[in-house]
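Some structures to go through are shown next.
Here chain A shows up in two complexes: once beside chain B, once beside chain C.
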Partner chain A sequence: MPMPQEEVLDKVRETLVDALGVDEEEVTPEATLTGDLGAESIDFLDIVFRLEKAFSIKIPPGDLFPDNILNNPQFVENGKLTQAGLATLKQSMPHVDFSEFQADPDVNRMPELFKVQTIVNYVQNKVNG
Partner chain B sequence: MRWIWIDRFVEFKPGVSATAVKNVSLAEEHLHDHWEDFPMMPASLIIEGMAQTAGMLVGQARDFQEKVILAKISKAELPEPVLPGDQLRYHAEITTITDQAASTHGTVFKNDREIGTIDLMFSHIDQNLQGMKFPEENFVFTGQFLRLLAGFDLKPPPAGAASSGPDRPGQAPEAPAK
Partner chain C sequence: MRRRVVITGMGCVTPLGHDVNSTWEALLRGDSGMAPVTIFNASTFPASFCAEVKNFQLPQPLAAGGKHQHAGRHTRFTLAAAMEAWQASGLGESGHFDPDRTGMYLGSGEGSLDFDNFTSLLVDAWAGNRLNTVRWGELAFGRMNVHRETEQEGNMVVAHLAAEFGLRGPAFNSLTACAASTQAVGEASLLIRRGDAEAMLSGGAHSMIHPYGVTGFTRLTALSTRNDQMQTASRPFDMTRDGFVLGEGASILILEEYELARRRGAKMLAEVIGYGSSADAFRITDQDPQGEGAAAGMRAALADAGVGIDQIDYISAHGTSTAQNDSVETMGIKAVFGQRAYQVPVSSMKGSIGHLIAAAGATEMITCVLALRDQVIPPTANYRVPDPECDLDYVPNQPRKAKLETVMSNSFGFGGQNDTLIIRRI
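Showing the complex of A and B:
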């Protein structure tokens, strides 16, 4: 039986409260991990480790959060993602909503892509197939 | 002074768990200022002791080929003071280990009584995503740390078996019972 979105959100919220030391009320679907919840780079790995345990899933490197896009000169030009970079990112991350980002794909805005809802989408795809 | 905040390992299960002890002595200079009227072991150095215990465990799991750096104190609860004459015992378990990082769960005992929890994350810094370069030699696991494991059988044990401490005349392999 598929896991309902509400149940996924509850477990994701619990994971983020433990990983980031934030209050439960702060973990809303629209909260960004870095801007609103204060996540730093090591926290992203911590979140991945905790999600794997909480949902009994395996998250390959770069699957939930990108890990090599910015190092590729074909994908970044003048501080913005190129069309090729954006296309690669979109293809590899169907759980991310790019609708606002793609108008101005500034790499400094990339952290805004990762919201609580992004994780919920990813986990839902993973546990429900 | 050597920056080693554990005295010896008493158990080492490669890739699984490790236990080290630290005897707190009034002869240690840092206790004279922390505090003059009430010397107590600083919580930060208790965390360092756990980080050294867990860090060795994580390092050994990759045959000391990685540079293992403390990256995050996920949780540290130490609700009571540790005083000169007390013995600390750090028990660390690997909860997750990947090419990039590891997380550990740690339990702190004072004179064989559980008093706290310290959960940590370590980074394998050569695998960092920013592609930063570090010196080639492993500056983390120097000889003085590796000597702490002398006498332990570090081959991965059969499931459920522990690697016991080295034979040292006049010393018990486990922390003395109180």
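Showing the complex of A and C:
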């Protein structure tokens, strides 16, 4: 039986409260992990670790959060993602909503792509196949 | 003329209380911080009691916002101690606070390991007589906690303080065992004297009350095993002493350049006038039996302060309640002070509070400042049976009113590390 979205959100919220020390009310679907919830680099490792445990899933490196796309000169030019970079990201990360970002694919704006909803989408794809 | 360094704020979290006043009052009453270990089940350990910080939670606003969500136990103590000291000093709100010229020098011990996960990995990857690193690799990355790995580094307490208070000045941490936070206060003072900073958060933090820490001290036979008399187990300078009682905690002092404190009208609590550091040049776990290393540190501090032995009104001893430390320290004091040693009161607060390891020296420095403020010497608790090798005036069991202008504080650590500070009333 597929896991309903509400249940996924509840468990993701619980995970983020433990990982980031934020209040439950702050963890809304639209909250960004870096900007709104104060996550730093080590927290992304911790979040992946906790999600694997909470949902009994395996999350390969670079699957939920991108790991080294910014190191590829074909994908980044003048501080912006190239069309090739954007296409690669979109293909490998169907859980991320790129609709606003693609108008101005500034790499500094990439953290805004990762919201609570992004994690919920990812986990849903994963557990519900 | 050299720059002067004053203390303008203090804070602590100790086995006797969660702030300066409650700790000081408990010390003067001769309360005991000792109780059975609750952090883990130590019922089969030779010493099943210790001096834990009790019922501690990170106070608001430090707990809000998740900045310190994964901070180690000793870091949490330090944040609370630093908040108390910082607010008492008033520096942050004074209009004279320069973040780039305000630094940190702590004597903070290492954090605790990710002990349970580490142990379970060893069990699962153990191949009879050696570690199977292939199996380890299959398991470790999914099991070890990334935060615990980072937070156990020695400089992490400094990092949390910097982030909390917005301090961008010099950032140091000394890891010189039980002498660490006395050394930190001394070195922080030197930074201000040199002009490298105009204010420093200094002090120390440590918590070794975990299976690994207690095992280490047990193997060294350093701990008192008087489980049936835990309240009186720590008895510095007493003939029947059988080891120290492991404590934990954090203490922070705000050090400022005198002119800054004067300009902003800060309340000056005491002046740091002398600091000496020395090595025993002897053995790792034995002190120089003549106390020559300890004496060298005390002499260096006196020379730095430019005061003679006649001007020292009180000595806050390292006084751990181990057979060796207390007699060697006594010998060191006699080597420096000669006949004067018999006239200077010497006391150790470890009878009440236990041994806070890296945090011990800074906690004792706070009590020295309070001794100057209140003109009272805190007692050596649980002193009953005189030891012919320890024949000084140890201020037994009762606080004593005294005229105090200048006091000395000693800290010694494994490896033969000796540090001494001298402060003066201002």
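As a convention for this text, the second predicted complex is superposed on the first by the 129 of 129 C-alpha atoms of A that agree within 3 Å, B and C clash if a C-alpha of one lies under 4 Å from a C-alpha of the other, contacts with A are read in each partner's own complex, and residues count from 1 in each chain.
Rule of thumb we're sticking to: contacts are C-beta pairs under 8 Å (C-beta built on N, C-alpha and C of every residue); 3 or more make two chains touch, one makes a residue touch a chain.
The structure presented is a predicted model; accordingly, all values stated were derived computationally and were not measured.
With both complexes brought onto chain A, simultaneous placement of chain B and chain C is prevented by a clash.
Judged by the touch definition given at the top, the superposed model places A:Ser99 against neither chain B nor chain C.
Of the two partner chains placed by the overlay, only chain B lies in contact with A:Asn71; chain C stays clear of it. In the overlay built on the shared chain, the residue A:Val22 is in contact with chain C alone; chain B does not reach it.
In the superposed pair of complexes, A:Ser56 makes contact with neither chain B nor chain C.
By the touch criterion defined above, A:Gln91 reaches neither chain B nor chain C.
After overlaying the two complexes on the shared chain, residue contacts for A:Leu45 are found with chain B and with chain C alike. On chain A, the patch touched by chain B and the patch touched by chain C overlap at residues 19, 42, 45-46, 49, 52. Touching chain B in their complex are the following residues of chain A: 18-19, 41-43, 45-46, 49, 52-53, 61, 67-68, 71. By the touch criterion given at the top, residues 19-22, 37-38, 42, 45-46, 49, 52 of chain A touch chain C in their complex. In the complex of the two chains, the chain B residues touching chain A come out as 71-72, 74, 95-96, 98-101, 103, 121, 123, 129, 131.
Chain C contributes residues 63, 65-70, 142, 145-147, 150 to its touches with chain A in the complex.
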